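I've put the structures underneath this note.
Consider the two complexes below, in which chain A is the common component and chain B and chain C are the respective partners.
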Partner chain A sequence: MSKPAPFFKTLLACPEAVLFFVLVAELVFFSAVGRNFNTADNFANIVRHSAEIGLLALVMMPIILTGGIDLSVGSLLGLCAVLFGVFTHEWHIATPLAAALTLVVGAAAGGLNGGLITGLRLPPLIVTLGTFSLFRGLAEAITKGTMTYKDFSPEFLALGRARALGLPYQGWLFITVGIAIGVLVHRTTLGRSFRAIGFSPEGARYAGLPVQRRIALTYVLAGFVAALAALVFTARLRQARADAGSGYELQAITAVVLGGTSIFGGIGTVGGTVLGVACVAVLTTGLKLIPAIALQGIGSELGSLLTGALLIFALASGVLAKSLAARRARRQALSEPQPQPIP
Partner chain B sequence: MGRYFRELSVAAALVLLLAVLAGIAPAFFELQPLLSRLTAQTPALVVAVGMALVIICRQIDISVGSQFGVCAVVAGLLAAAGLPLPVVLLASVAAGAAMGALNGWLVAGLGLPSIVVTLATMVTWQEALRLFQQGKFINLPAGLQWFGLAQQRGQLTLIAAAVALLAVAAWVLKNLAAGRHVYAVGTDAEAARLAGINPRGTTLGVFILLGALVGLAAVMNIVQSPQVDPKAGGGLELKTIAAAVVGGVAVNGGRGNLWGVFVGLLLLATINPALTYLHVEAYWEKAIQGLVILLAVVADGIRSRRGVTK
Partner chain C sequence: MKRVPFLTLLLALPVLAFLGGCKDAPSSGGSNNSVGGKKMTIALLPKSKGNQYFATVEKGARAAAAELGADLLYDGPTNTDPAKQNEIVEGWVNYGVTVIAAACENKEGISAALKAAQDKGIKVVTFDSDTTGDARSFFVNQATAEGIGNTLMDEAARLTGAEGEFAIITATLTASNMNEWRKHIEARLKEKYPKMKLVDTKPCDDQKDKAQQEATNLLSAYPNLKCLMAICSPAVPGAAEAVKQAGKAGAVKVLGLGLPSENKAYVKDGVTQSVILWKVEDLGYLTIKAAAAVAAGTLKAGATEFDAGKIGKMEIQGDNILLGKPFIFNKENIDGFDF
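So, the complex of A and B:
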């Protein structure tokens, strides 16, 4: 093609740009239709309610970039929340130390996933399906299914309530982790190896990368941040329960895939993941503010339903667009004169 | 012996567990409770057969729990409207097959990974059902429970039907071309294609079959009680995948035996009542299930690594 591609076509090829327009459209739509949508309080609310899923999405992204998947992050969030409650309430450990201990447990649990996947070359899907059940089961066993830990220290609860410069604390946390993951994935040799591994594990190995160690690292990172999300979750709800974070793994994966990261690995940006998180967060909270939907109390079901449908649509459209482009390229190659080989 | 070592070791674990139970809690083997427990597992067995085929074909389907809920509500509403059981069964199977076909089309037709596709359809069906039914139970007409038979005869009918289905599926998988194609595609799809097998058609077929079996299982479930619980399918995906993996179906496809799946399901299904009889708190069920799955895959991983180095 000698003609320059039309502006909107190049734009459509970039999932981040499409997502940005979807986000703007969502904002315009809900500002017009939703009640009290366009207020500072509501935006703080959106940030507060989506920070945990956002954190999980940020660490799910490097895993999917290497071609893996982690279904256990939601369960691990529940286990870490319960363990934090045990540390503070039953072992009477000071809150900062208990929080640090929770983060260590999270990283260790991620290490279990990573060790099984890389040490024994087991498929990540089945390993994390097993730990999905194991972590949630341990949380239920510890709390006997019903116990909740309440009455945390007010300094800790501030993590879930207070704001600095108008943005809730967990918003700042999300930004910090987002920048850290962004720098890691896009600006360091360590992080760029994730992309190489996802693009071609064999090629990465021949290039001298310690493939298995790097893959294990992404799962440890996910465990660590899942524990961090557990602390944020506990502070927001002011209680630690065994069912904390159920279904979050799906929403995190949805945000990452919507954000343009290929589920086959090797392609994706952290910026896209952040946009994906924002799109899902605005959609699910915005729906609850539409009077007709709020009246029926079906906001959360409708939000999850649309998220699932959106994920199918994003997956299918990505593949369909690629195969259409390939077909067009083939037709063009047949109709246009072949380029002369360079002598 | 060597060929079926994996299946036999699971059977040995089951026999061991039953022997312990026989020593400590003979009450476990009383006829009527045992029959009721076995009957309660028949829908899971039917779904596990389909799940095993999908895993042997190197795919996975985690949307079966949601499909089960949709099929149960479809069947329940039709039955409550007074339609005869065969029509109800047909509609439920058709609904399941249609949902399976959507999964199969997305996976085989578009080449998307089955885990993400079925994750998305799982949520979509589950939330659509919650929107539609709002968690309400459906009351069934009186003559439907146990097909209008006495309870024990109804239970025996269900058990016999499930085991017969298992036997037929195991025979087909072992002896007919269609069954061998599933193994071939699961082992190496490209090699299978070069050998004249249609890998896409086979993959689509196993997803549709799984959906149809889910529809059948949903009807087998609703005839066991006077009401339909729209949340009845919760956790079914984990249970059936665990049964297949514990029963020796390789998650990398191409290997597995339906009788092994049967034993795997029995082992998993025995753990929970065994916990109660051994006075361990039932809250440990999920953790132990997860541990059993991990143990099974770790055992497979170690075995296959040893096979590679030999």
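So, the complex of A and C:
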């Protein structure tokens, strides 16, 4: 049985590789039929429009890896954006300090999630469903639903629009956070414990891992990065409002699951999540640049539709590959010559 | 099974995208800033696609685009969302449209994106709700405060024979646009209708139920009331319901500023006499005509009049193109409108 597995089978079994080819196919296709798709400006657009969701996906990944979920990140993004507006406009705190304070609040809000989940042993789905409403409600209460904070300092607004070496600032931020999370999850014992916990929480506990503390950590991390995404979002839109980031939590989860992370935990890579984010971002932007679709004004709708189809395709292809492999193994086992008894 | 190391993938991504990005844009211009030769592409951004009001705008816009032989891109958020509006505008800039016509969710929400579009040589006009003055060439203004105030007062006078008591129901006493309208209503009253008397002004917090309650109170507090004027859209059906339940339909006239569709039933029952709004379809038509003229260079700053073809000549005040007098919907014509 030392024969190497067929190329395409290995490929199908590895969701990251499938996604990589999907991404390449998207790039080739849209370059061919999209109008001005293959330009530096469009590339910058894609990065700017998906950076916040990308950041949320990067921190959603470790949570899902431990078998958890965080539905509150989008709402927290809104709350942090509003609080940043309060800090700078009503308390008149200097922008850098206000930003730092926002990050602290974000981490604390993540801590609240983590505390409720690990301290009271409540299901993450229920806890974060609660804070999903709580955070958004707070943001709306602070602004009374109507107030919008604007006129931020130009240095801060550069975060939303300026580029360095051709890549928008938020692209660099995304790469930095991506590498940090990648190293954490794949190269440190701390991060590897996330996978162990997701794979078998009982086993992880018997192995002496501080399971609850590690789980809480992933939510704190998510809160912190949600606050970071709030700053990026505020800088891009040049205003802070209570409805910032609505629905982003589901888009982040989509990217993570599309990227091959099992929703039950224990399986997944950060690289896959990055690919998941990229596939969705390129797809939704590219569709709007196809003249026939743009003229119909259905770019956004088709984008959601195809993202859903892609997600189902990606999940199905993994399952299909496994069952194919199992069937082949069975057949090989049957056809292999039985060892003859020595006469 | 060997896994592709994640770092390789992480690094491969930007590299790949950069490779794609190398071929630079044909610096927007060349391809389609065509006025004479190639087809013009006009992009129309509503506040939200799901709103019947904007669907009606689109209808008028499509008619104008067909007349001009221009391509029309119509896209917007499903619900009002400045973030989505931004993304759509930035997508259009990159797509290389000739001109963008936008209804802005709020003044500053997409001003930066519109300015960036102008920097790329794309013309920008706004309609329905304006952005900051430096982010567009013209604002297609559907109605001035003076036009709304005067039309409301004149119509109230016509309905009551220009004498007797009337009351106003507004959204809040602080809403800036409504206070502006009230100022013009009161000025018109003083100037032209000495026999009419404004007895009270009540806020309804933009809620139909509250408007109905306030209207009921007004009806019992002022038994000689001849007319209720509702100047925010939920207050029109609210006031009508109160008058209907008080059994005073026809005796107390109801008029107001609102959507014909929301008031159709009351208008047909003879409870509400007049609903005032602009012709939304014409707003879309005028917007596209103006956008195309700005792009073609035939409509420039300083113009005082704009010929909008089949809907006539429109006055320009400063950088506002005025759609003209508000339109009055009543029993005779309301069936012809579905917004």
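The rule we apply is simple: the second predicted complex is superposed on the first by the 306 of 343 C-alpha atoms of A that agree within 3 Å, B and C clash if a C-alpha of one lies under 4 Å from a C-alpha of the other, contacts with A are read in each partner's own complex, and residues count from 1 in each chain.
What we mean here is this: contacts are C-beta pairs under 8 Å (C-beta built on N, C-alpha and C of every residue); 3 or more make two chains touch, one makes a residue touch a chain.
Given the structure is predicted, the values throughout are model-derived calculations rather than measurements.
Undergrad: Pick one for A:120: touches chain B only (first), chain C only (second), both, or neither.
TA: In the superposition, A:120 contacts chain B only.
Undergrad: Using the superposition on chain A described above, determine whether A:308 touches chain B (first), chain C (second), both, or neither.
TA: The first partner, chain B, only.
Undergrad: Touch test for A:69: chain B only (first), chain C only (second), both, or neither?
TA: first
Undergrad: A:101 in the overlay: touching chain B, chain C, both, or neither? Say first, second, both or neither.
TA: A:101 contacts neither chain B nor chain C.
Undergrad: Check whether A:280 is in contact with chain B, with chain C, with both or with neither, and answer first, second, both or neither.
TA: So A:280 meets neither chain B nor chain C here.
Undergrad: Should A:294 be classified as contacting the first partner (chain B), the second (chain C), both, or neither?
TA: Second partner only.
Undergrad: In the overlaid three-chain picture, which partner chain does A:136 touch, first (chain B) or second (chain C), both, or neither?
TA: first
Undergrad: Check whether chain B or chain C contacts more residues of chain A in the superposed model.
TA: Looking at chain A, the partner in contact with more of its residues is C.
Undergrad: Quick check on the superposed pair: does A:148 touch chain B, chain C, both, or neither? Answer first, second, both or neither.
TA: second
Undergrad: Applying the document's contact rule, which stretches of chain B touch chain A when the two form their complex?
TA: 60, 106, 110-113, 115-117, 119-124, 126-128, 130-131, 238, 241-242, 245, 251-252, 281, 283-291, 293-294, 297-298, 300-302, 305
Undergrad: In their shared complex, at which residues does chain A touch chain B?
TA: 69, 116, 120-123, 125-127, 129-138, 140-141, 143-145, 247, 250, 253-254, 257, 263-264, 298, 301-302, 304-305, 307-309, 311-312, 315-316, 319-320
Undergrad: Which of the residues in chain A end up touching chain C in this complex?
TA: Listed in rising order, the residues are 5, 10, 13-14, 16-17, 20, 23-24, 27, 31, 35-36, 38-43, 45-46, 48-49, 148, 150, 157, 161, 166-167, 171, 175, 178-179, 182, 186, 233, 236-239, 241, 243-244, 246, 269-272, 274-275, 278, 285, 288-289, 294-295, 297, 299-300.
Undergrad: Help me check something: in the complex, which residues belonging to chain C touch chain A?
TA: By the definition above, chain C touches chain A via 1-10, 12-14, 16-18, 20-26, 49, 71-75, 78, 81-84, 86-88, 90-91, 93-96, 106, 108-109, 111-112, 116.
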